[in-house]
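Please find the structures below.
Shared chain: subunit A. Partners: subunit B in the first complex, subunit C in the second.
On to the complex of A and B.
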């Protein structure tokens, strides 16, 4: 009981900084033994998550790396084969064709979506649009639609000859485009992805914009800044960390493209078994039963994504962004 | 709020409308936004709203049509006969690859279990990270956050391989436990607990002799309710809509999720010479799948629209 009182007094004397969770290191020495023991109890709160996290995420990843160094042969069973799976994945071309395609996909889809989302988020934040609340609700609805249903809807609407859009094209006397031909397919997937994810991005950016202190805009107004300048030179730079976060999340999502091309394959004949790296990995694992090779693809895909996100984060950090 | 506004030189006399508005945006006229700009931006919003609503409108209209009418009538408007009820009956009575009702029940169980698990685990972890300064806290937190960079695609197949060894493949827990691992939720909970659970309150409870578990349940959790609702909602939607993970780790028709079943029906529609027409069936089933979540979004609007929690993402 006495210990509790001592700890309490000590706690009161301590000046809490604005962000208490960062107070750690520097004040640690002044903490009493009691407080250190109490802080250790925080581990019990973190532990349940860590256990599930390790069992269902870390262990599979370690197992993927381990198993990727083996090869299963019809004769001789599973044998250690060193980097053979990696050499095959990295030199076969099948992996890089898909990787190149998903990088192209990310390079088109993510910027278009971020620009659209940033525009609408800024307009809602400054209250430029009428009925802002209504539009925010509408824009967010696709988040409720699974990718499977979204792909099914857009696939049916765009289907050659029978879909509603090709028919409208025909009625207008326009040439009937084959939306699922080699030239347009990636464009259709970009469209579906933009439809699915723009709403969530708008909400994240809008919330970030709302947390910018009102005084910032006020002083800009005093200086005579116009709307476009307030948005592009003041507000968006302030929420740069949120924009970077959204870019990273969407790039990671785009590079593991699977559901849309997989489900469109029956109506889009040129979705090959290695159309994207994830599709390639899936086919190697479950169609060809090359599990070790599929694990190697998974590791390479993860490394490529980590490198791309890392390079992006690093380039942004040098420009002075704080994450 | 209005007194604070009055004290500021810029908005010395805010119009009544501006001060009454719930959000405290700076009145538009102050930075020279013309009526025309407002009209153009509203028009752009309307156009994007049309783009957003087109497929949703189409799926509701199409689910009321007969198979021949689906392709022979204008897609964005109704055409007699109105057969929504027959289509719904077909969806719920079809027993191809298990039944739709079974998929719905499975999905509801997985999504609820996954979201409750994710909310409980991340609330505890977020609170632990925010309010206890244990050794190795920063390293542990960064370790968890690093997992954000790992694509689901990269660990789904390995997860299946591990499952095959411990016989968790094609089991319900094998499908929903991975939904409980949500590093983003831990991050959001940490930010929220850091901002909304005052250290002084925890210390006061400790002086009164309360145990840590009791303090968490009685003091911290009630203060974190908005975050709990938001995290639950985000994880519920993510689990409900997920396709890839169940697709990889489960191939038992009895345990199919809605997305798995729908994908199979969708493939039937495209098989040449298929005797039964799955087009309208798939469309109606898709409509039934998205309706509960759209309703949930409309009901819980105030939680996601004001972004009580997502604001923490700005860091």
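On to the complex of A and C.
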């Protein structure tokens, strides 16, 4: 047949197992041989990914763990030091202060952002706002601004003496709020993070809301359910997997908080070298030149993130979430 | 605005370059000359190529050179034209950690490192301790010892080894807002630190909104330059495994108390702003909030881009108080040859020509490089005392006072872990600015932190 001719030898071979066989045993054997061949062919397709994945993820990961068991000093060179780096990371207050701060950051930033995003996603979904498409784009725009640019922009607007906001405060006769003071700094970072990430969260939740079957909403309307009830009792529970996804992504992102405090440090001297665990890791590696200790911090941080996300996912799964 | 460590500490070069972005090489030097120094020492009408290898002959020994001084390609071009057997390829890097981090990585990997690179005086020991730099003594560098101010040569040499060629420095002076200060009853710059304190009180009483100066405790290099002058230098490094760290000795505490008293009286400000690009300090300096700034030779031209009609023409670069007996240095760079270099002799020949020849220096002192020499023949050049910039009071010199006191700078040694120290100062100074610690207490915290760190790095620490 023409099709076979086009497909060539390979395709002919593939159709062969479809022929009826005389013995069941042979079929099984032939089938598994075919399966094996197909697996190997698939391997060629995933090979580029596997090579990159192994080279740039698995190998560095193993290397980081390996490195973390050594100590290199400016005087004395490199020696095997067992769990010494881990003991130091886990017992020094420096790591846990930063860890505590990022957990606090996540606990404030993630819920506020998701509530705001869910509200706007529901508004857009209900079509109650005019120019919905325009506003969706506007809200999404900050996500297109690189975090470096966003932080520099907010940094210069809030800067104690030359910033726009302190000038507005001064013009209103209010005292200088000192946005980078110890009391406000985390709040400023929360603000920047919310500004950056809400747009993306709105889009994820909005897309999920759009996929809720019309019939479900229609039957609720027929039953006389109020709009607010439809949103809170029907739509949001249906998109729960999307909400869980957003929570997980943002909690992991929050625990790895780096760009904003790193870029604010020169104008906000309250950003300490261990302000967040990633910043602590960076400073230990590139300022103090304790690369091995930094590797140990990285491993501990990864474990903490795995545990926190795992516990959250497990608790949600027990409640019947499918993700 | 981009903030990073490199910009903070090396902002002067970065700032100069930033203002030049997008301009062509020719337009750039022309426009800068219009605002820059009126002196154009030895600058010919020659045009330079930013691609320095375009002057190379085929078969010339290739040398790679990293640096960030604006306009450095001009010196390299001249070298390549006058040394046809060597071809130096100049690669522009982002100043400070923008260069050091890739450089350390390349040296550690034994691959991709340049032959020569710009390294600041304070960072050079961090490369020495890892044995990444070549001793230049076998390549004839020793004959230049007498050509450099004593402190500069002593910072690059250790027990007969010469680890780099020194080039520019930052001899300290006092930038003095004569226009505003003469209205407040202080018309001549203070010549001693006790006079500085008295003037500070007088000025703050006359105008409670204005301060004579600002103590930027978190700017570690600035604080160290003043400690150097005060004979309170806290570090000794023997070039090997022994370091001394002393922030709590008698001289250091006297220094800390002097500034703490000025802070207590409220006569000088203590705002947590560094003296680096984008710092609000410069706006305050221009606005008349701060009326003097103890700063290095490059300080005025660094501040120049913030100057508006509010303070233009009001400034005098005076001598640092007390600098007739002792002075300090803030900033400057050295040029080592790396042990990875395949052609150390040619690399050394280039580093020596760059830092110790009038041919190179005649270009280096002009815009946009504006380097302040540690090379004595250039320091003594008559042009040095006449160079001026428009922000200064008409007819007053930019470099004359720092040049005069440059030989009074005492020789010191840097510890081989300055990056850590500078981060540490920023961290601990935050407690001083928050008002929970005094300067002596801040010095005690620094002392504890640095001693712990040095011990962790395997040093034998004396205090």
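Assume the second predicted complex is superposed on the first by the 279 of 323 C-alpha atoms of A that agree within 3 Å, B and C clash if a C-alpha of one lies under 4 Å from a C-alpha of the other, contacts with A are read in each partner's own complex, and residues count from 1 in each chain.
Simple rule for what comes next: a residue touches a chain if its C-beta (ideal position, glycine included) is under 8 Å from a C-beta of that chain, and two chains touch if they have at least 3 such contacts.
Worth saying up front: this structure is predicted, and the values here are computed from it rather than measured.
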{"item": "Subunit B versus subunit C as contact partner of A:266, first or second or both or neither", "value": "both"}
{"item": "First, second, both or neither for A:156, with subunit B first and subunit C second", "value": "both"}
{"item": "Partner chain(s) touched by A:288 [first = subunit B, second = subunit C, both, neither]", "value": "second"}
{"item": "First, second, both or neither for A:73, with subunit B first and subunit C second", "value": "second"}
{"item": "Contacts of A:56 with subunit B and subunit C, given as first, second, both or neither", "value": "first"}
{"item": "Contacts of A:148 with subunit B and subunit C, given as first, second, both or neither", "value": "both"}
{"item": "Which superposed partner A:129 touches (first subunit B, second subunit C, both, neither)", "value": "first"}
{"item": "More subunit A residues in contact - subunit B or subunit C", "value": "B"}
{"item": "Contacts of A:45 with subunit B and subunit C, given as first, second, both or neither", "value": "first"}
{"item": "Touching both subunit B and subunit C, residues of subunit A", "value": "148, 152, 155-156, 162, 263, 266-267"}
{"item": "Subunit A-touching residues of subunit B, taken from the complex the two chains share", "value": "8-11, 21, 23-26, 28, 30-33, 37-38, 41-42, 44-46, 48-49, 51-56, 58-59, 62, 71, 74-76, 117, 120-122, 124-125, 127-135, 137-138, 140, 144, 147-155, 157-162, 177-178, 180-181, 183, 186, 190, 194, 199, 203-204, 206-207, 209, 212, 216, 237, 240-244, 248, 258-259, 262-263, 266-267, 270-271, 279, 282-283, 286, 289-290, 293-294, 296-298, 301, 304-307, 310-311, 313-315"}
{"item": "Partner subunit B, residues of subunit A touching it in the complex", "value": "1, 4-5, 7-8, 11-12, 16, 19-21, 23-24, 28, 31, 38-46, 48-50, 52-53, 56-57, 59-61, 63-64, 67, 116, 119-120, 123, 125-133, 135-157, 162-164, 167, 195, 198-199, 203-204, 206-208, 210-211, 214, 217-222, 225-227, 230, 239, 241-242, 245, 248-249, 252, 255-256, 258-259, 263, 266-267, 277-278, 281-282, 285, 291, 294-295, 298-299, 301-302, 305-306, 309-310, 322-323"}
{"item": "Contact set on subunit A toward subunit C in their complex", "value": "73-76, 148, 152, 155-156, 159-162, 182, 262-267, 269-270, 272-273, 283, 286-290"}
{"item": "Parts of subunit C lying in touch with subunit A, wherever the complex brings them together", "value": "1-5, 7-8, 97, 101, 129-130, 218, 240-241, 272-274, 276, 278-280, 283-284, 416-417, 419-420, 423-424, 426-427, 429-430, 433-434, 453, 456-459"}
